[in-house]
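Before we start, here is the structure in question, set down as structure tokens.
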């Protein structure tokens, strides 16, 4: 396992460098884009704060004065980078709370949701993908393709609402929305998970088909291993490789889906917050959120890398 | 008397067309059956039919009896139950037959564990012994990718025979092995009948047949041409094709007439080469003259292929240099590959590939067609894709493709090691012929010293 | 296995790939149909996609309105048709703008390897790490109501998938001896790509594209959901999904219509590619 | 799909913990669209107030009649420039600390420094004088007590602020104290036993912000939420047929308005604005979009605003031909593409609105189509509502569609003054200076005499009805769904309170 440890460290290092790059890029890009947005930031922030009943020009001017929005942009960027260097994400322009605290609470919820989604997608996609991979072109295979296409063509919110109707309103199995208990996690996870599974079950299926048609698989059989043993000891492991890598790509898609699902299920997550922050021109919040999301993505990708190395010993034995 | 394998009027069909057969033969315990014939004569189909691993599109007819019980009527599941316990198989391509992600040791252990049904600890001990016995010590923790062909073949052997199946079916077990390893594997097979087992070997190498002995079946175009005890078949073949097959054995080739060499066109001065940081060859010198035929031999893994790449300018030498004669075009050095299908774009009809080259080098298409005709390739084949023509034909087409460039040097990397003796001989003869006509220098990498002796003007032996 | 394939050929039994299967025919037919719908637009049935009748909303199919009317009493058929124009061109354009650079960069990465590869790889990861949503929302916000910005943003987030796939597959293909041979024979990059890469990775790419088209439209829906996107009264399938969501209980058949259209499109693409990938 | 459904159901049974069973009926769950993300009264005061966590000095009943809250009574000096509020004795904050004038003055001063309602009043000073709160104003301002009912003037405990005076907690004097706060989605509360008033019957309550109307409707239907506010039209009509809940629609003093730039050459003439009004399909919108026929706005001030709504104003009508005629009078002639033109200028304008209230973009789309018929080309821009005040300030605005709440304070005069006095305001008339109206409004603001007030109000309402600096479109209904088991629910038209302290469960 020593070789594995070395490999792991190497990966860790490269990912670490990447993390720094990401941090800088994300920070600057998001800042630049926020600056590029049309409309008067002071007005947007005031709107975000006071709501349409209380927001007016006066409040906007007050905000402008309070936040020093009339400073040159570079000064503002520099200020942000300075605070960041002290591991401080600044305070939310809209809510006046510490961005770090906001994210701390919301990120947890979002990660929980994302994890739930991945689990749900695997619970659905693995059996489906493997089964259709074992009989390519079979009934199950073509059906799962059709269903996948269908699910992928339904927007997440519609899917979510249908699930709520079936499982919460009709079957009364789970709560509709909120986040009191674990049961609250099920439907949102399922909504996202179905979206993911729609694609990943095809990826799994293809991987299994590849593995099943490989020479080594036939040899494993002819040397006397039962079909089941061949599947569990050889096919699945080989098929797992592309699948795990694909999860890496999905992570990005997750962050998209999270936004929708969070607002459908009133889930206090980070995606929801990001949207509000963008509309409210809450620059510190946007940068902070984008930064954290970026780093989270890098971290999760690291796990994916390590998982791949774990599965695939090639290149380890040097 | 009981036969461990008894085949009666076996034929294999693809739809309505008969691909192979009918053949009938039988082997008794302690006996050996060798199936000979040209590549693509359907030898493998027999093995697959006996095993029950024929691809879905194919269908077998006739009786197959194994250890007294008829199997061809059994459902797949029950036939699969015999694998490893009554029938063991040696794969054609040991590399591709081993799980790329599992270390050699475990791939054997799992046979002892799950096929022989030994408890884990004992399974590991047995594996260790097997590795000892097969001289695989040190390879335990290697992945198939890191095994040499011979090692992979022996690992596969260990994995296949762990179940102590009395019958071993070996399909082209010596494909692409160098002389030394070649012998090792054949010895391994020879042991099987010696220990009371039954061996069914498929090969196109006369040498292998000679060494294994036993009962010989000769196939051609799926037809049984002759069978009998090895001694009689090999010494006094009744059928002309068998004779041709025996004559085609490099041992029996006449010495090809030496060619008057012209001026030097390619020189290598104390060349040192390395691949992936691994140091392979150094102090290699060569001055190649127009039209001469050089054979390059040496144990596998020493870096013959890498050396060719260096000569072809595909790989920068670690030190020393390769210099081409003045006025030699950039594409004057061409390569022929060991595995012809791998040398062509997979999904493109052959004609397209050839026309591309012809167009690029402003070669008249007529010339290409003439060359093909010259090499005895039916033009109709050109409409097919590489995987749709036989290895012999494809190798000839790849020669034609190389000639389209009007090269001065051909670097041939075991171009015939996967072909049966007749095709091999014909292909090399053609190569010799065109080389002479076009005054092309050929460097032939081979591990068959007879070929080297008989075919080349001079031999370069690479040694550690 | 190669042996018996040779045998089959020699025996004159051709491989399965020569004939065009029924599924592909249907796929192409469907595509043609959609193309006609998109080009003809609402003109085909002579309806005005923007004409409202507030007194006849959420009505079921009738002679006047074959597919019923939406929440403002507009003719669904007309809206779906004019939506086809926007949605299909959006899907198409975003697939192109994402697929082309993604594929080319992927090939470049595999081709040059080493630093170029690592650089591009890191870049792709960085883009993925930058919440795609952020990009899209920003671009949408920078020029509100313009769907050019929308699809630009969407394809910005989609190209990475093509990149990753191409890079990984191209690496394998380019390492094959056949490529080395072709290089020796003097084939230039363009020919190498056309003869070696495209045939190998084409089908896979098209499958991604088929799903990508769906993603493009559903992303528009998602953006509409956070009330960013195309201005009224523009009809676009994704936008319609969002607009009709509130009435999912009263008139589920309405929101199902744009979804069905999208399903049809993706299905068509899939079938015409040849269904599930792999030769 | 079946396969996946099965899979889902398997997961379901694996983890299902059904919250509907074994629910002690002393708890209420409220769902509403408004998220609560800040501790700052100026940002999230209205929810904090509605949930009865914090209280104001002055309170108002459902009819808008003022009543004592943290202040027991208030007096104004002869000159009307000094207000004195006597505070309630023995009130404690949730943290046990005592409520006193200092806490009140600090809270009010902070609110006054922030942009908000207090800055709209002519306040000159807020101070503590022997246990009382004293507020001085520059000019007589009778609506001051009314303003002190506003949610941004709630009184948090001193402990709710950190050293620099930033709000860091939700601690008040209300009947419910916060037990758990998960911004922006939910607040959990427990009955505060030290409350000065009658103890609530409920032991605990949970507030859940569900931004999507669809989600809220499902929450109501499933029974996850006992009380759901602000339902969309479709959800509302569906819930009317669900037998576990009853639905209510209460008219509130909120109106959907069209703000018109009266300085713009197209709209400078009142007849142009009247034309737009005539081309506004109020009935159709009321039927198709809000689905309350009675919500078509016949005049600016909604009936809920009893003092300001006047029965003798002829309701505004919809008449496209009349509209066309008026525009023709103004020299607008249809061009070849049907769009009106006047000396080479096309009648092409942009309407600004925002999506935060889902009905607004729909209404805008409806206007777009109707106005197309009379030859007005309307571009609808759905963006942040801040674009409206912005456009008001820089004059770039043509027309804006928004919802205006005249019930921020029981006495809307403050709002009316901002909107229509001195040339109008961000959410009112634009570049429309009308001395009579300004005068009348000042009178209303400064006098307590009901007679004079009524007169001036009538005058203001009348002129606005004629001149239409803003064009009324709809009046709002406050839609609520209530669990049938829940009793004592009072829906406050001023939306000052969810009425938690009164409601209780009947078994």
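When the chains are written out, they are named A, B, C and D in that same order, and each has its own residue count from 1.
The definition used in the following text is that contacts are C-beta pairs under 8 Å (C-beta built on N, C-alpha and C of every residue); 3 or more make two chains touch, one makes a residue touch a chain.
Quick caveat: nothing in here was measured; it's all calculated off a predicted structure.
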item	value
Farthest-lying chain, centroid of Cα atoms versus that of chain B	D
Top chain pair, ranked by how many C-beta pairs fall in contact	A-D
Central chain of the complex, centres being mean CA coordinates	A
Centre distance in Å when chain A and chain D are each reduced to the mean of their C-alpha atoms	37
Averaged-CA centre spacing for the pair chain B and chain A, given as whole angstrom	50
Whole-Å gap separating chain A and chain C, where each centre is the average of the chain's CA atoms	22
Intercentroid distance (Cα basis), chain D paired with chain C, Å	44
In chain D, residues with contacts to at least two other chains	214, 383
Contacts with two or more other chains, residues of chain C listed in rising order	1, 144, 245, 248
Residues of chain A engaged with two or more neighbouring chains	150, 157, 161, 215, 263
All touching chain pairs, where touch follows the definition stated at the start	A-B, A-C, A-D, B-C, C-D
Parts of chain D lying in touch with chain A, wherever the complex brings them together	1, 3-5, 7-9, 11-13, 15-20, 35, 37-40, 42-43, 46, 114-117, 119, 152, 166-167, 182-186, 208-212, 214-215, 218-219, 221-222, 224-225, 354, 356, 383-387, 389-390, 392-393, 402-403, 405, 408, 418, 425-427
Chain A-touching residues of chain C, taken from the complex the two chains share	1, 122, 125-126, 128-135, 137-138, 141-142, 144, 157, 160-161, 164, 168, 207, 211, 214-215, 217-219, 221-222, 225-226, 238, 241-242, 245, 248, 255, 259, 262-263, 265-267, 270, 275-278
List of chain A residues in touch with chain D within their complex	39-40, 43-44, 46-47, 49-63, 94-97, 102, 105, 120, 123-124, 127-128, 143-144, 147, 150-151, 157, 161, 163-169, 171-183, 186, 190, 194, 197, 263-268, 272-273, 276, 279
Residues of chain A that touch chain B when the two form their complex	214-216, 218-227, 229, 233-234, 237-238, 241, 311-314, 317
Complex interface listing, chain B residues touching chain A	51, 53, 80, 83-85, 87-89, 91, 93, 96-103, 110-111, 114-115, 141-146, 156, 159-160, 162-163, 165
